[in-house]
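Comments concern the structure below.
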Amino acid sequence: MRSVMDVLPYLVAAWVFLAGCYGLATSRNLIHAVGCLSVCQAGTYVLLLAVGYRNKATAPVFSDIKPGSRPVVDPVVQALTLTDIVVGATVTALLLALVVQIAKRHGTVDPDELSELRG
Amino acid sequence: MNGWLLAATVGLAGGLGAALWGVATGPLRRRVVAQNLSTALACPSLLLLSQAYNRPSYVDLGLVLALLGPVGTLVFARLLADELAEDPPRAWGLTWTVAGLGAAAVTALCVATGPSRAMVKLLVIGALLISGNAIASRALSGGFRGVRGG
Amino acid sequence: MTRRTRLWVLLTGGAGLAALLVAACLRLPHFGGDRHPYGDRAVHASLTRHTANTVSSVNFDQRAFDTLGEMTILFAAVLGCVVLLRQTRDERRARPEPAEVARPVRRYALLVLPVALLSGLYIVAHGQLSPGGGFQGGVVAATALHLLYLGADYAALERVRPVGMYEVGDALASSAYVVTGIAGLIGGTAFLANTLLPYGTFNTLSSGGTVPLLNAAIGMEVACAVVVLLARFLDQAVEIEEESGR
Amino acid sequence: MADAVIVVALLLVAASATVAVATRDPMRQALVLSVLGVVLAVLFTVLQAPDVGLSQLAVCSALTPLLLMLAVRKVRRRGREREGER
Amino acid sequence: MTPRTALLAAAELLGWWVALALLWLVLISTVDPLELAVGAGSALVGALAARAARRAVTGS
């Protein structure tokens, strides 16, 4: 049990990232592709936080515990992931705005039909 | 062996596993109900985890989920009003059992924390959660009739 | 380049990438290991500056310049959406007819809107103490405002939310963040350095020097950005219709 | 015992990510993405990252589904007008 | 704004303000003057938003 647990979070992060990439590449609808991109991003969140975890540790927030009384997890990766989630949401919004524009100009959201650049 | 952690693990594995299976397969009306129940089950689990890790500050997560979970379901109820109009979801039994589970979890936590401001906070979160999910399932089963989905 | 060959290229490339990823995962330090050099130093620096929430201290004190970068990404993304989703010449704006919503849902929306707004402000205000901060609180507050659209209809939301004011709020909050940074320069230390204000007593609202100020600025900026973003999307989806000419 | 809840959360995240990719219809995918958001928030809480869990909850429970559904509505409504004209 | 409606508006705002201030007291962990001041301000913002929302909905 000990050896599986050492590497499981990284493998799950890799699996989520690969699943997102597969969905992105084989998508027949651009909105579905944007959803798959956010799944890819979720993979990176899991990897970042798995790197920062420490066994039997708690969150580095000392509003309700005395500092130094319990081992804490790595706050730097949490700060990176935190801002990444909000920026990821606004980038998803920008991509959806682009998809709406493509639908308006080309009348379709299927990437295979968008062969020539127009509009 | 932390009893709270065991309860949270069982709640997560059973509840969210079933919700995920419900949202992945079946007709649209069952998927929407499964999404609504996923938040109704995750919030008590978060509160149980907060008690299991002996960290009162984790309760804010349960507060935000109790507030925004039903809002997410209202988004789907409103924007899928046309598709749901033909066979509106009728899942009152399931909704009330999950609300009962949530209420049981919140009362157990209140007993554990003892009479204090933290207990009032837990009660507020429990009230928000149960009313939110009742309203969300009410909205799903035909709350937006006259809406052209807009 | 038919779909089939493209699929084969994807699968082979994916298999190669998967193999590399698994090999890398096996060589990473064990999950839950005890060696976190940066983490320990970040916690130490945050405690010297009397900031209870180390994550906020990392975000708004030790890496404040990177958060300035995050904020400009946010601002640029919202700007891009505003430009992309504007109403073009061949589109007209049709007034959305008021939708009749079930009475309990409407009452729930009117009841939970202020509660969610207050929770959002609570999360922003206690950003440097308990879990939370400007980013999360801003999104919660902005989502609370849109309960009006979900509970009633878009016309009601438009009456309460003048978009121009939120765009100005967005710009003001961003400049407030930069001005707080420049104040560090004027004060003789570095840009965005947390050496101006006293660090206050630990675990109180005024602790952490400039962290609460930057927190509030980011909270306002994210809230206004999300409101403007959703305003443009709602306009496109609910109001703007295609001219039937084409 | 603490590892068991981490394993459960990780497997739930892997399963819901796979389902999110496998669901081709954007409307149904938005539903699965909101469940993925909740499961990710639970995983972050289990990995002792409450700030990140809060951020994930705030974004993925109401904001992303609203954006996705509005985009689907705008694209589908344009499609219906186009069929109407043809 | 006849005196009567002004009174009604003030009563509604005050009601919402008291409710939200109590909720703020429940939410915070440590109580000190600065927290109460910030709480009063946020409760006021919440009360104004609540009243504007009610008028926007009933007004339509």
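Residue numbering begins at 1 within each chain, and the chains themselves are lettered A, B, C, D and E in the order written.
Methods note: contacts are C-beta pairs under 8 Å (C-beta built on N, C-alpha and C of every residue); 3 or more make two chains touch, one makes a residue touch a chain.
Since we're looking at a predicted model, the values are computed, not measured.
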Set of chains whose contacts include both chain C and chain A: B, D
Steps needed, at fewest, to go from chain C to chain D via touching chains: 1
Higher-contact pair (C-beta pairs counted), B-E versus B-D: B-D
Farthest-lying chain, centroid of Cα atoms versus that of chain A: E
Chain located farthest away, centre of chain D as origin (C-alpha): E
Whole-Å gap separating chain B and chain D, where each centre is the average of the chain's CA atoms: 16
Chain B and chain C: spacing of chain centres that average the CA atoms, whole Å: 24
Whole-Å separation of chain centres (CA-atom averages), chain A against chain D: 11
For chain D, residues that touch 2 or more chains besides their own: 2, 22, 30, 48, 50-51, 53-55, 58-59, 62-63, 66-67, 70-74, 78
Chain C, residues touching no fewer than two other chains: 53, 55, 109, 115, 119, 123, 126, 130-133, 135-136, 139-140, 143, 146, 151, 153, 203, 229, 233, 236-237, 242
Residue list for chain B, restricted to those that touch at least two other chains: 53, 55-58, 60-61, 63-64, 68, 71, 75, 150
Which chain pairs touch, all of them: A-B, A-C, A-D, B-C, B-D, B-E, C-D, C-E
Residues of chain A defined as touching chain C within the complex: 5-11, 14, 17-18, 21-22, 25-26, 50-55, 59-64, 67, 72-79, 82-83, 85-87, 89-91, 93-94, 96-98, 100-101, 104, 112
List of chain C residues in touch with chain B within their complex: 96-97, 99-102, 104-105, 108-109, 112, 115-116, 119, 123, 130-132, 136, 140, 143-144, 146-147, 150-151, 153-154, 237-238
Residues on chain D engaged by chain B in the complex (per definition of touch): 1-2, 4-5, 8-9, 12, 15-16, 19, 22-23, 27-28, 30-32, 34-35, 38-39, 41-42, 45-46, 48, 50, 53-54, 57-58, 61-62, 65-66, 69-70, 72-73
Of all residues in chain B, those that touch chain A in their complex: 53, 55-58
In the complex, chain C residues that touch chain A: 3, 6-7, 10, 14, 17-18, 21-22, 24-26, 28, 30-34, 36, 38-39, 42-43, 46-47, 52-55, 57-59, 63, 66-67, 70, 73-74, 77-78, 80-81, 84-85, 126, 129-131, 133, 135-136, 139, 202-203, 222, 225, 229, 232-233, 236, 242
